[in-house]
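Worksheet for the structure shown next.
Think of it as A, B, C and D in the order they're written, each chain with its own count starting at 1.
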């Protein structure tokens, strides 16, 4: 394992020229049972050509964030506050018409469940050619040519014939590849992948990840990779964001966060993940309890009901005051940096061998 | 596809035959027969015998049935003259060839159906889509509320009120009557305006509610969100993706309403004194006129069966996943 | 009901682990306990004002229909006596057999006025009429809907030979000569069950009508259900259920049925009112209920005749039907919305 | 005349369904004039004068001009359903009879003066017929210049052909009087194929000495022959034009108008027949240019359109349908509309026939007759203008009608005498709850009247079983000898104004047979003898015998409780002139119509 405290060079200041910057994003749903605070003040940036991994349990607001970036939420029942700037253009206040120009063209999204994400009523080829024709004004023939090219690129055999097949004639993996082809057909600058590989088996998963990395090299597009699978993220992402109860609790480069996590939640995540070389007898330690209700989230630090280290913090700041997340490499926790360091080295790291 | 069509057409012919047989023998379960009804004051048994003989009712039932069915295929000869191929026999009550009286009345039924269908499809589906497009807003509540209220009226409750207002007391319009479209298209439209309007108010409600509810359901589907994620215009997504999904139940109701209307909108025809197939059907069963009943019934059955096949074909066209069994 | 791998985040995660909640959160306002889909639906329905109001109206109709005899005893009149001939009501009908007095003869004695020609009391006639027509229509509608749904689902889900033959049976009955069958069926029933000298008892008529209307009423819904099931059975969650070893019947009941509630409800709230009026048409053609039995639909037929002279006679049954059908439709819609969370406002 | 079934029979098709399904439009409900001043009894007196046989001079054309008549314009005619027949041989029903006045001509015809007195005049014959040999032989000579629409001269051969074709199988629906008088009850055997195989009746029966004369030879004297020959059924069918079955749909016209366009069940157009010569016709006129029949307008719509009197309705008339009872008060209470009506008695008498094989006790029959509330039975059939309480069984339109004859006190107590009835029931010793089966025709009117009868008999302590019978075959079921019913409502009307066509078929003992019109199966020797005697006497003499028979039937036997006489009221457009009630057809007189502004 690498040395403990090696810190890389300080990250470049995350100034406004980051490709996608999200500032203090709050997303609330009004439902019969009350107001759901799905995203509760989230900020992050994505550089061009870089991949940001977003990790967190289900119900932490990962998908909602990215749906809101593309404005795909249901405007009637959702209220969005905060700022989303994509390549200099503010998205929260953008009109539907402007968003329609961006979606599929500058920013594209790959959905998690390939089975229901494609329309059963139209051929795969047509569904891929559609955005291309709309955004680039290409003719039917050109669009078809482009679609076949993309299908080949994502590794679908005999694309010339498969282009006219319907989604139900594709296997799960093939459909996911078609989804990716659809997302990339207009060379988007930003690609949001919402757990693209969760529904796939491991072998196909690896192919998809390599494919995304190659495409990133070729098109230089920024990728936001959402997953709850740390193994995938360690190979895929440059920077990492850990989310919990609608907010980011830890941020940093992949190496920093995985090698030297500073937030109890991240420790819990890492220690509940089976290691390749890990000792098979030693039981994994899952995080106790389950994700907090977004209807009335716990007071103070949302993790404190499940956190084993609230005792370390003086007084009851953990249950009253919500810790803020600093800039750059940081973690939102009342433990002091030293406490974090010592607890990590003494209690967590041995288990991660 | 072709194989499916052939099997279904054969099925349809068999069903037509079964329906014909069933009607024929059902007719003879009714204790009265036409001869008794037709014979006048001096209903002596001897006169009844003469009527029976003239109408061929004295032959055994099966012989009559085969003669009737044979007539459909190869035509029949009557004292009144030869009745060519799709011959449905001679009506007892009107002494007219059944095929001729059906064909003579069919244009009216066709106009009622066509006009009515166009109106209540356009208004019905249109308002349903608007309600779905603006779901939750005042427009949605207004449209679905109106369609709900209108659907609780019935033709022979609403018809006369409209007639009373527009025709009898105010005299603005003339009584609804049928003018062949070939002769005078404007007269044709004006003549049937009131029946169309009344039919439309009642039928549209069903389409509005069905369109609205299925569209709302489709709009929450995953693939509709993917389409929006591709940057397609909202109206494009609404009509291309969501609409396609809700077509199936709507096409089914259209098929059923169309076949019902084509075999005669009985209540509408009676409310507005229009001599269409509906009245012919009721008249034939009331006066125990066997050939007329058979003719009208087979004519109606033909449309129902053909439309069912078309609707089933439409399912496969709409949803590729539906395999033609 | 919804696709198994539902993307998180959009729906509220409600079911909390009770053990955890009790230990640490002490200031939680009320204990959030898990709720079954039924309870969820009931809660959502309770919140829907129009739904509740229309439910009350529908129940009110069924109640007063059931209590018709009690109400008529309290009210002092019954729908059978010809009040125009009773000595103590001499001038009830004028020379043209129309009710004297304004508003169709409405007065202290006759709240809803008097029937032309025979002079019976309209208020109790409407109540008893509702009792016959309403309960008959509900029975017929339920039978037809159940049969239609079963045949539609079986045909739609199993496909192949089963679907073909069920489809042909449905076609046969759709193309069935219903009018002729009505007219032929009743004489056969009376010939079989009633001696020539006796009057056909009302219960035999009721049973015959229910059989006839049920026998010829299910096809529309069957085709509609089949069409929805056809595309549903291709859906992934059905395949997932198949893969998980669920028996076909369980899949049909648990996976398919909840998803076709919308067309069923929309169509059945459409069948009920038209059944009421078909019963009237039956008694008109002479095979339904005969005169002394009050019949809601027949009041329309008589009302239609005297509409110009005595519009009030038509007013009460008409308004009652419009209100009933309206609230029945609203109820149907609210139940559908409550039942299917996806179509939230 | 056919039994009341003609009204229900014809109404069977669309009308009744439409009548009660189609709503009437709503128009302002002007003040309710509840006082009814329908035709009272003295109008009936005018209708019941004995018929006079006109001579050659009376039969001379042209018919007397109608005051203020103009020619031109087209008359619209509203009908509920199509004519059942157009072949004269098949015409028995009154609406086809009314139609045949326009198209067909017979040997004789009824001429009517303003006060409604009827004289039988020669139509294509020079006079109403010369009888000899004690009324067994009748001779008719034809006028000159009688042609059919294609210009063929009508000769005695055509007259013989018209009579002989009634023997063939082609004709099954028309009247059978002349045939039975000529060749007995089984007349068809005398000429099984009619004239179509060249065979003819022997000269001893029907003789045509030359082109202009026809001689009838009967076995027994037939005083009513001229009236019978005036029936539509005996109009002339030219031999050359006879297309047998097809003739029913396309008859050739001898009368003032001919058919140009006929759509069965929908419409028909008539235009002037240029071959008709006014000088040869003492009854008909040819004022309007043509007629437009539409046969899909039900009774309610006819009334509404004529009340509204908008557009085409101004030139429209009702043909054989009457004013919709439901709208009676609107018509009567509005003076302008009331002026555009014609009223009069129909020939039908409604009676509650008792099945004498089952209801043997006269006291019970009398009790029921007393108890029946005639007035509400009339109201169930549309109030005062639909009918009038009846004392006896003879219609007001029959000669010798006595309006005061009321053995059961119906005129004094129109709603029945319940106390007297209860006394009679006690005397007869009838136990409470004895069963009575009442059969009724399943029409809205039949159902309404059933409710009244059930209510009344219930008050007398009977347990009433009401059996509804399909309207199409009510008379056929009730006509069976062994029918299981105790009592049933029936109606009967005369064929021509002579009691012989009422008392004989309905109350003659030896007519009792399956399917006969003697619905109460009355078989009283004294009545049968009176009938036989009256049939041989001349009309004036026979009147007293019929009176005696009538009294015996009603008072001593009481086979049927008289309930009400049916009345006719028809509306016509404001632009229609010369409209008056015809005692012959008891409808609007079709011969004198014209348009005020063509």
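Couple of notes before you dig in:
Rule of thumb we're sticking to: contacts are C-beta pairs under 8 Å (C-beta built on N, C-alpha and C of every residue); 3 or more make two chains touch, one makes a residue touch a chain.
Remember, predicted model here, so these are calculated numbers, not experimental data.
Chain centres defined as mean CA positions place B nearest to the mean of all protein CA atoms. Comparing chain pairs B-D and A-B by the number of C-beta pairs in contact, the larger count belongs to B-D. One simple way to say how far apart two chains are is to compare their mean CA positions; for chain B and chain D this gives 40 Å.
Taking each chain's centre as the mean of its C-alpha atoms, chain A lies 57 Å from chain B.
Rounded to whole angstrom, the centroid-to-centroid distance between chain A and chain D, based on C-alpha atoms, equals 95 Å.
With centres taken as mean Cα positions, chain C sits 24 Å from chain B. Multi-chain contact residues, meaning those touching two or more other chains, occur in chain B at positions 31, 136, 156-157, 160, 164, 222, 282, 286, 319, 321. In chain D, the residues that reach two or more other chains under the touch definition are 17, 21-27, 304, 470. Counting only residues that touch two or more partner chains, chain C has 3, 183, 187, 231, 234, 285, 304, 307-308, 314, 345.
Chain pairs recorded as touching, per the definition above, are A-B, A-C, B-C, B-D, C-D. Considering their complex, residues 136, 221-234, 241, 244-245, 318-321 of chain B touch chain A.
Chain D contributes residues 1-3, 9, 12-14, 17-18, 21-28, 81-82, 84, 92-93, 169, 172-176, 186, 188, 244-246, 248-249, 263-266, 296-298, 301, 304-305, 307-308, 310-312, 470, 472-473, 475-476, 479, 514-515, 517 to its touches with chain B in the complex. Across the complex, chain A is touched by residues 3, 5, 7-10, 12-14, 16-17, 20, 24-25, 28-29, 32, 43-44, 47, 231, 234, 236, 344-345 of chain C.
Taken together, the chain B residues at the contact with chain D in this complex read 31-32, 36-47, 50-51, 53-54, 78-81, 93-96, 101, 104-105, 156-157, 159-161, 163-165, 167-169, 171, 174-175, 267, 270-275, 279-280, 282-283, 286-288.
Of all residues in chain D, those touching chain C in their complex are 17, 19-27, 29, 32, 34-36, 300, 304, 324-330, 332, 373, 376, 379-380, 382-385, 415, 435, 437, 442, 444, 447-448, 450-452, 454-455, 464-468, 470-471, 484-485.
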